[in-house]
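Here come two complexes built around chain A, the first alongside chain B, the second alongside chain C.
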Partner chain A sequence: MNLIRTGKAGTLESSDVMITVKGHSENRVEIKLKSIVEKRFGRHIRRQIEDILERMEVNSALVDVDDRGALDCVIQARLETALYRAAGIQSLRWEEIQ
Partner chain B sequence: MKLRRTMLYVPGNNPNMVKDAHIYRADSVMFDLEDSVSVHEKDAARFLIFRALKCIDYENTETVVRINSLHSPYGEDDLEAMVRARPDVIRLPKTESPEDIMEADEKLGILEKKLGLPKNEIKLFAAIENARGVVNVSRITEASDRLVGVAFGAEDFVTNLHTTRSREGTELFTARQEILLAGRAAGLHVIDSVFADVNDEAGFRREVELIKGMGFDGKSVINPRQVGIVHEIYTPSIEEINHARRVIRAIEAAEEEGSGVATLNGRMVDKPVVERARRTLELAHVSGLYLDEIQEEAAHA
Partner chain C sequence: MGDYGFNTEIIQTDETAERKPVEDFLHRLSLSYDSDVDYTVVMKEGSRIVATGSLAGGVIKCVGVEPEFQGLALTNTIVSHLEMEAYRRNRERLFVFSRPRNRAAFEDLGFQSVGEYPEEIVLLEKPGGGLLEWAMSEGADQERSATEAANVALVMNCNPFTKGHRYLVEQASRRAEELYGSTVDESRGVVHLFVVSEDRSLFPAAHRLRMVREGTADLSNVRVHPGGPYIISSATFPTYFIRNPDDIVRTHAGLDLHIFASRIAPLFGIKRRMVGHEPYCPVTAAYNRAMKDILPTYGIELEEIHRLEQGGRAVSASTVRDLIRQERMDEVKKIVPETTWRYLGSAEARPVIERLKKEKDRRH
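Coming up: the complex of A and B.
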C-alpha cells in the first residue's frame, strides 16, 4: 500500500487515539508515540502498529500516534482508517484487513 | 422467551461508548453507523465497529448494527464488513417496502455463502420511519425468514408526516398500532421509538407505560439511564405474579375436574387468561428478579 497523502483518523477523547500517517521522506517506517499509558504499554502499541503496517505492506510511513488509552481494537481500527485515507483507497481489501 | 425490552443506541464512532456498551445491561446494544455518524466518518465508524465486534466480548447482550441504507454510498460496504464481524442482528434503517428487506436478505445470503458462514446466521430488524414504511408494514414484516423484529423510528416519521412529537403521542398512535399489528401477525418482536429528552424521566416513564400497554416488546433507548426504567416497568410486579399463580392453580384444579374453564374471584378464567398468566410468569422468570419468590410459592402450592 502506497501512502499518497496524509491520512488522519480518531480523536483526542478518552479511550480513543488520533493517528496521522504519511509517506516517509527516507522511505522507511517511523513511529512517534505519545500515550497516557506509554510506560506500561508503549512497546506493545509500537509492535501492534508495526504488525499492521507489515500486513498491509506499508514500507514507507511516518506514523504519529496520540493515544488516550485506546483498546487494541480501537488502535487497529484507527490505523486502518488512516492508512486507507492516506492511500486514497475507497473499496475495502479484505485479504489485508482480516 | 427472548427479551428485547431495551435496545441501547451506541454511536458507531465513539470508542468510549462502544467498549462499555454492554455494561448497562440493555437486552440489545445497537451500534449505529447511520444517522449518528457524519458522512466524513463513515469509514472510521465501520472499521471501529468491525474491530470492536471481533475483539470485545459483549457477553449475553445481543449485538445489533444499524447500517446505512443499501441505496446509499455506504450501505454495501457496511453490510460486508458487518457480516464478517458477525453481530447477531443487522438493523435496516428507513425500510419502506418488502423489496428493501428482500434485497438485504439476498445480499446477506450471498455474503454468508462466500464466507462459509451458516445460512441465515445473521438476523434482520426492520426500522419503519416514514409513512410509506407504515403503509407497507404488513408486507415488510412477511418479507424474510431472517426478520426477528420491527422497530418504529418516530423522529423521522413525524418529520415525514409534517408534524412534531407531542407529549401525548397522538400523532404516532396509528403508526404504532399498524407496526404492532403487522409485527405480531408475523410473530416478530416489536420495538418502539426512542424518547429524546433524557432529562424528562416522568415523560419517559409515561411513554414506556403507554407502549407496554399497547403491546410493544420494548423500546429503543438513547441513554443508559433509560435502561433500568424500561426494565422496571416491563418486569411483572409481585401482585401480577401472585395473580398469575392463582390463575394457573385455578385452571389446574378445573382441569382435574375435567373442565377447561375456572372461576377466580368471580371472574372467568379461560384459555387467553391462562396464556397471559403463563406469559407473566415466564417474563418474571427470564427477568430474573422474582425467581426465588416464584420457586418458593410453587413449593407451597
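Coming up: the complex of A and C.
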C-alpha cells in the first residue's frame, strides 16, 4: 500500500486514539507513540502497529499515535482507516482486514 | 462518542440567529466570537450550550467551556472534532491560540508552542516543529546563527513592490554590509527579507514574492523568504480575547514580535530589524511602536528609516493602488521599479488589476 497523502482517523477522547500517517521521507517505517499507558503497553502497541503495517504492505510510513488508552480493536480500526485515507482508497478491501 | 448526555451540533456561521447564542455564551466567559470564523461546533446539554470551538482557516479559536462542566474533557471532544474537520479541508497544519494558562491542556492534545506573549497569549501548532522546518527550508543555519552570525531583517507585504520598498531594501543592504559585513563569513552581513505569505492582499502572495525577488536580484547580500504562517499571518495575529480594538492591535503585534524575536531571529542570526517610518496606516504605526517596546528586550536593535518621498509624499503601495484605480499609469511608472512595472503590464497581472479597479481599497 502506497501512502500518497496524510491520513488521519480517531479522536483525542478517553479510550480512543488519534492516528496520523503519511509516507516517510526516507522510505522507512517510523512510529511516534504517545500513550497514557505507555509504560505498561507501549511495546505491545508498537508491535501491533508494526504487524498491521506489514500485513497491509506499507513500507514507508511516518505514524503518529496519540493514544488515550484505546483497546487493541480500536487501535486496529483507527490505523486501518487512516491508512486507507492516506492511500486514497475509498472502499474497504475486506480481504485485507483480519 | 464519549458525549454522555451531550449533543454535538454544527452552527451555520452565516446565520445571525445561530451565531447569537454562541456569541452570548463566549461573552459570558469574557471571550469574543471572531468574525473570521468559518466553522463552529457546540456541545449542548438539552438546549443549553456547555462548550464550543471554531475554525478560521487553519486556526482553532474561540474555544470555551462552561466552568461547571470543566474537568469532563469536553475540550478534547471539541478539538478532536475541529481537527477532523480541518483534515477534511486538507489542512495539514493546525494552529491554536489560547491564553497561556491553557497552554498545558493543548500541549496534552499534541500541540507544541510556537511562541508566547507572556501573560497575554500563546500560539501553538500541530504537528510540532513546523517553525524550525520552515526556517531550515529557508536556509537558516542553527549552529552558526547562535554564535557568530549578525544579520538584518526586513518584513514586508509589498502590495505591490514600489520604489519605496526598494529604497528600504537598499538601505538595509548597505547597513548590513557596513555593520556586520565580512568577506570570509557567509553568515554575516546578510539581509533576510521576509515577504508576508498570507493571501489577504490584492496582489497574490506568489506574485508579491516574485516581484520582490526580481526587484532585489541585483543586491547580492539580500535573501528573500516567504514568511509562511510564522510572520504576520492569520495565525500570529489573533483577535481573540480582547474587546478593546487598541488592545487587539497591541496583542497581535506583541505575539507576532515575541515569536519573531524569540524563535525566528536566533535561527537567522538577526541582530537588527529595519522598518520604514509609517505616516499613514494606524495599524502599521502601532506595530512599529510595539517593535520599539519588545525587540530591544531580546537584544535586537530596531532602526526606523525615513521613507522615500516623491512630490512631498511618501512612496507607498496604497498610493500605487490608488493611481492604478484612477488609471494614472504614467504616475505609477514613476514610483515602481522597472521589474514591478513589467509585472503590472503582464497578462498574469491583468485579472488582479481588474479586481483592484472594482474593489474599494483594503488597508494592506
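Convention: the second predicted complex is superposed on the first by the 98 of 98 C-alpha atoms of A that agree within 3 Å, B and C clash if a C-alpha of one lies under 4 Å from a C-alpha of the other, contacts with A are read in each partner's own complex, and residues count from 1 in each chain.
Just so we're on the same page, contacts are C-beta pairs under 8 Å (C-beta built on N, C-alpha and C of every residue); 3 or more make two chains touch, one makes a residue touch a chain.
Bear in mind the structure is a predicted one, so any value in this text is a computation, not a measurement.
When the shared chain is aligned, chain B comes close enough to touch A:94, but chain C does not.
Set side by side, chain B and chain C differ in how many residues of chain A they touch, and the one touching more is B. By the document's definition of touching, of the two partners only chain B reaches A:81; chain C does not. Within the superposed three-chain model, A:12 lies in touch with chain C and out of touch with chain B [touch as defined at top]. Using the contact criterion defined above for the overlaid structures, shared-chain residue A:70 touches chain B, although it does not reach chain C.
Once both structures are placed on chain A, chain A residues 10, 13-16 are touched by chain B and, in the other complex, by chain C.
Taken together, the chain B residues at the contact with chain A in this complex read 14-16, 18-19, 43-44, 47-48, 50-52, 54-56, 77, 80-81, 84.
The touching residues of chain A, when paired with chain B in their complex, are 9-10, 13-16, 70-74, 76-78, 80-81, 84-85, 91-92, 94, 97-98. Across the interface of their complex, chain A is touched by residues 1-2, 73, 76-77, 79-81, 83-84, 87, 92, 109-110, 127 of chain C.
Of all the residues in chain A, the ones that touch chain C in their complex are 6, 8, 10-16, 18, 20, 34, 64, 66, 68.
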